[in-house]
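The following pair of complexes shares a single chain, chain A, combined with chain B in the former and chain C in the latter.
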Partner chain A sequence: MKKIAPTLIVAAIAVLPLLGLSTYILHVLILTIMWSVIGMAWNLLGGFCGQVSFGHAAFFGVGAYTSGILYNKFGISAWWGMPASIGVVAVFALFIGFITLRLRGPFFALGTLAVGVILRVTAENLPDVTEGNLGIMIRERSWVDKTWYFYIILTLAVLVFLLVKKVVGSRLGYYFVAIREDQDAAESLGINTTYYKTIALCLSAVITGLAGAFYTNYMGYIDPKVVFALHDISIVVIMVVMVGGVATFWGPVVGSAIMVLLAELIRSIPMLGAAHLTFFGVLLIVIIIFLPNGIIGDIPKLKRLLGIRKNL
Partner chain B sequence: MTSVQLEVLLQTIISGIFLGGLYALLAIGMTLIMGVMKIINLAHGELMMVGMYIAYALFSFFKIDPYIAVFIAAPVLFGLGVLLQKFLINPVMKVDSILPENQVILTVGIGMVLANLATIFFSSDYRSTPVTYATKAWYISDFWKDSPLELSISLPWSVSFFFAILITAVLWFFLTKTDLGKSIRATAQDNDAALLMGVNVMRMRMLTFGLGSSLVGAAGCLFLPIYYLFPDIGGQFTLIAFVITILGGLGSTVGAILGGLVLGVFESLTATYVGMGWAPVGRFIIFIAVLIFIPGGIVSLFKK
Partner chain C sequence: MTPLLELKGISRFFGGLAALTDVSFEVRKDEILGLIGPNGAGKTTLFNVVNGFYAPSRGEVFFKGERISGLKPHQVCARGLARTFQVVKPLQRMSVLDNVIASAFLRAKSKAQAVQIAGEVLHLTGLYDDREVISKGLPLGKRKRLEIARALATKPELILLDESFAGLNPTEQNESIDIIRKIKEIGITIMIIEHNMKVIMSISDRIIVLNYGQKIAEGSPEETRNNPLVIEAYLGEA
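Up next, the complex of A and B:
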């Protein structure tokens, strides 16, 4: 059962558009899948390798702008941004990793946070390249219907899920966990920690960048405040993983479902719309205090709290 | 260099020093918390924002001057800091989890809630306190008739700077001359040793978080006559405070003062000679450069 469960879940999700769902529900589903992709990417670096990044918006934004600039400056379809972003983001991540990966723990977190802010301000101040605060608009949309977007992001999510599973199960994954648990011990066992941390960062960044390129195509409009947002991207992705479960395979998926649904729910209640960050903040605080390893990571604890005992 | 260019340069440096004095106050609070509790408080700027809104509310309802509001906002922020530390941060420091950065993420959550609550209560409009002296200035020629250069110094900036120096001096006296201050410094230097010497470490942590919060609240009141106020103002000041603590040297009060002045002057120069919008980029380039080239901060340069 455990082996085929993922296939069943994916199959169940894949038939959803055939049920004739409204555009809005499809939109929420697409957002959920997109966030779980970014969550899985963050989890690879933050959860498994232990390098907590506060600046994933940087990679998301670079991916999004790769797409946007290809369309806007070179006049080719923004979909080329998805393959192109792999190369661009990888090079960018190598450069960022070279600077920030020599930092540890909270310092790495704040170094990456700084990278995100630097990119936002740079994008705002270079109107010749990025159109500045005006943003880039994709004027020719590929499809009005959202079904194709749904399948594209679903395919990406499945591929990323398999990749993460493959990587974590391999020697590489063991190195990542060793680095997370004790970097000095890992180093003394002959693991080239900087090298493996760079690999983790590049993988994570490239996946995030792909999601960013998809975002440009899907939403059709980007500006620096949206794609390089600190709270709405860098922090939300941390929340997605924290809520769902750090260093688990399904954590980001569960987390993004909860976060996106919660966001949509709060937004739809007129009185509470303005307070959505308060809800997120309180949720984050509650999760950190009571379920520090997230919903999936703390299932045993949850069961105990709810009074369900496993029958042995 | 013509005298006009020289005037612009001096003017820029002077306003940079004034800005730096206020930055230093902001950063001392953060560096104290970092030294004693070993955590990075990413809600620091949001606490400052709370201080600013307290001063703003006092001004608009009771016509209390922001400089007097310092004496009300600082104790309120002290209480808020103590409560946050006791009921949120302390429990998390005990919880076991995969990621050690949980406390940092927790402070992000606290900051989000504070900023959002401010939006709900005060709306996201930009506000300012229309104090009567907002545009007044001193001129060098008022004091020195035949001065070759004409420099003007804004009145609210200089008063804020004076207050910042005063508060820093009082804090320095508290930390070096009183028993309580010495206990705080002992806790920062070595938690366990302080505990063995009979220092109530838990109490010191609460006190420090309260003290750091009240400092940043005071800084908020001092910024109010000069800056616009809006609920999301906190984030950028958290980053500024953090950059300064790294620049000055972690946990060092002297470093925070020096770092604040350096950053203030640097930002002022960038704003004049490169462009207003680029000041944040310069700030983070300093940050990354310091992390790479002088990881111990400015203070470590003096120790050599």
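Up next, the complex of A and C:
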């Protein structure tokens, strides 16, 4: 049962559009799956390898702008941005890693935070390349119907999930966790920590960039304030993973479902729409106090809290 | 014959403090070399220099005839020189088995091989029954042994043990002595820092004594025990 459960879940999600859901529900589903992809990417670096990034918007934005610029400047379909972003983001992540990965712990977090902000300001001030604050609009949408977008992001999510599972079970995964637990010990056990941290960063960045490229195609409009946003991208992805469960496979999926639903719910309350960040903050405090390992990571504790005792 | 490890005129300064001054000695293949000295004598600093955490301020370290001073710790480890830490550094949220697998990957080509190496090492160090335990929950004695197991999993030719006996009760000490003898039997050379004189005198083939960062004596346990300089370093002038 445990083995086929993921297949069943994916199959169940895959048939959802056939049920004739409203466009809005489909939109929420697409956002949820997209956020779970970004969450899984962040989790690889922050959860398994222990390098907490506050700047994942940088990679999301670079992926998004790869798509946007290909369309806007070169006149080719923005979908080419997905394969192209792999290369662009990988090179960009190598460069960022070279600078920031020599920092440890909170200093790495601060370094990545700065990277995200630097990119936003840069994108705003390079109108020749990015159209600045006007943003880039994809005028010819591929499909009006959302079904295809749904299947594209679902495919990406499944592939990323399988990739993360494969990586974590392999030599790479063991090295990532060893680095997280004690970098000096890992180094003295023959692990080239700089090299493996760079791999973790590049993998994480490329996946995030793919989600960014998808975002451009799906939303049809990007501007620097949206795709390089500190609070709406970099912080939200951390929340997705924290709420769901750090260093778990299903954590980012569960976390993104909760975060996206919560954001939509709060947005629908009149007068409180703009206050969703306040709610996120409160939620984060509650999670850290009561479920420090996230929902998936603290399942035994959750069961106890809810009174479903197993054998205690 | 070139010695397995050779230190030539090693000095290491921290600002104005000389933690090590002109220390030279060699470690011969298949011996157990004890390294003793009062607190602050520079023993752990010496390990950190050999292992690559610190670059020596002066002097050179050779391993199997190759200069290793200036290499990074992971490069030193890959050449067959492993170490343990005095303040144990287990990978806390990993099981004992996963701890050892992570270091076995250095030599293993596949995960199956890494698991196999880890199994052998855990049997050798008597931790096999604890393999599923999350290492955070291990008692100190076993954590010290986990340090040794992890170092062994990298298949070293020389292993540096930093106070593997400190804080152990007599039973645990005897178990650890057995483990160290077994390590020697499988052809691994050992350099060990230890404060417990009973242990170090009984297992070492040769002993080197450091005081204030300088080598003050070198010789068999018997010679060391009777060396007036060593007695003075430990007990003060008569």
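Here is the rule we use: the second predicted complex is superposed on the first by the 309 of 312 C-alpha atoms of A that agree within 3 Å, B and C clash if a C-alpha of one lies under 4 Å from a C-alpha of the other, contacts with A are read in each partner's own complex, and residues count from 1 in each chain.
Rule of thumb we're sticking to: contacts are C-beta pairs under 8 Å (C-beta built on N, C-alpha and C of every residue); 3 or more make two chains touch, one makes a residue touch a chain.
Remember, it's a predicted structure, so these values are computed and weren't measured experimentally.
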Both complexes share chain A, so when I overlay them there, do chain B and chain C fit or clash?
fit
Of chain C and chain B, partner touching more chain A residues:
B
Contacts for A:Thr122 in the overlay, against chain B (first) and chain C (second): which applies, first, second, both or neither?
first
Which superposed partner A:Asp184 touches (first chain B, second chain C, both, neither)
second
For A:Ile238 in the superposed arrangement: first (chain B), second (chain C), both or neither?
first
Touched partner set for A:Gly105, first chain B, second chain C, both or neither:
first
In the overlaid three-chain picture, which partner chain does A:Ile288 touch, first (chain B) or second (chain C), both, or neither?
first
Should A:Tyr175 be classified as contacting the first partner (chain B), the second (chain C), both, or neither?
second
Taking CA centres, what is the chain B/chain A/chain C angle in steps of 10 degrees?
80
Could you tell me if A:Tyr218 is touching chain B, chain C, both of them or neither one (first, second, both, neither)?
neither
Once chain A of both complexes is superposed, is A:Phe60 in touch with chain B (first), chain C (second), both, or neither?
neither
In whole Å, what is the nearest CA distance you get between chain B and chain C after the fit?
8
Return the residues of chain A at which the contacts from chain B and from chain C coincide.
none
Over in the complex, which chain C residues touch chain A? Could you list them?
51, 53, 72-75, 77-78, 82-83, 85, 89-94, 98, 101-103, 105-106, 111, 114, 150-151, 154
Chain A to chain B touching residues, read off their complex:
46-47, 50, 52, 99-100, 102-103, 105-107, 109-111, 113-115, 117-118, 121-122, 124-125, 180, 230-231, 235, 238, 242, 246-247, 274-278, 280-282, 284-285, 288-289, 292-293, 297
Interfacial residue positions of chain A with respect to chain C in the complex:
169-171, 174-175, 177-178, 181-182, 184-193
Enumerate the contact residues on chain B facing chain A in the complex.
39-40, 88, 91-92, 95-102, 104-106, 108-113, 115-117, 119-120, 235, 239, 242-243, 246, 275, 277-278, 280-281, 284-285, 287-288, 291-292
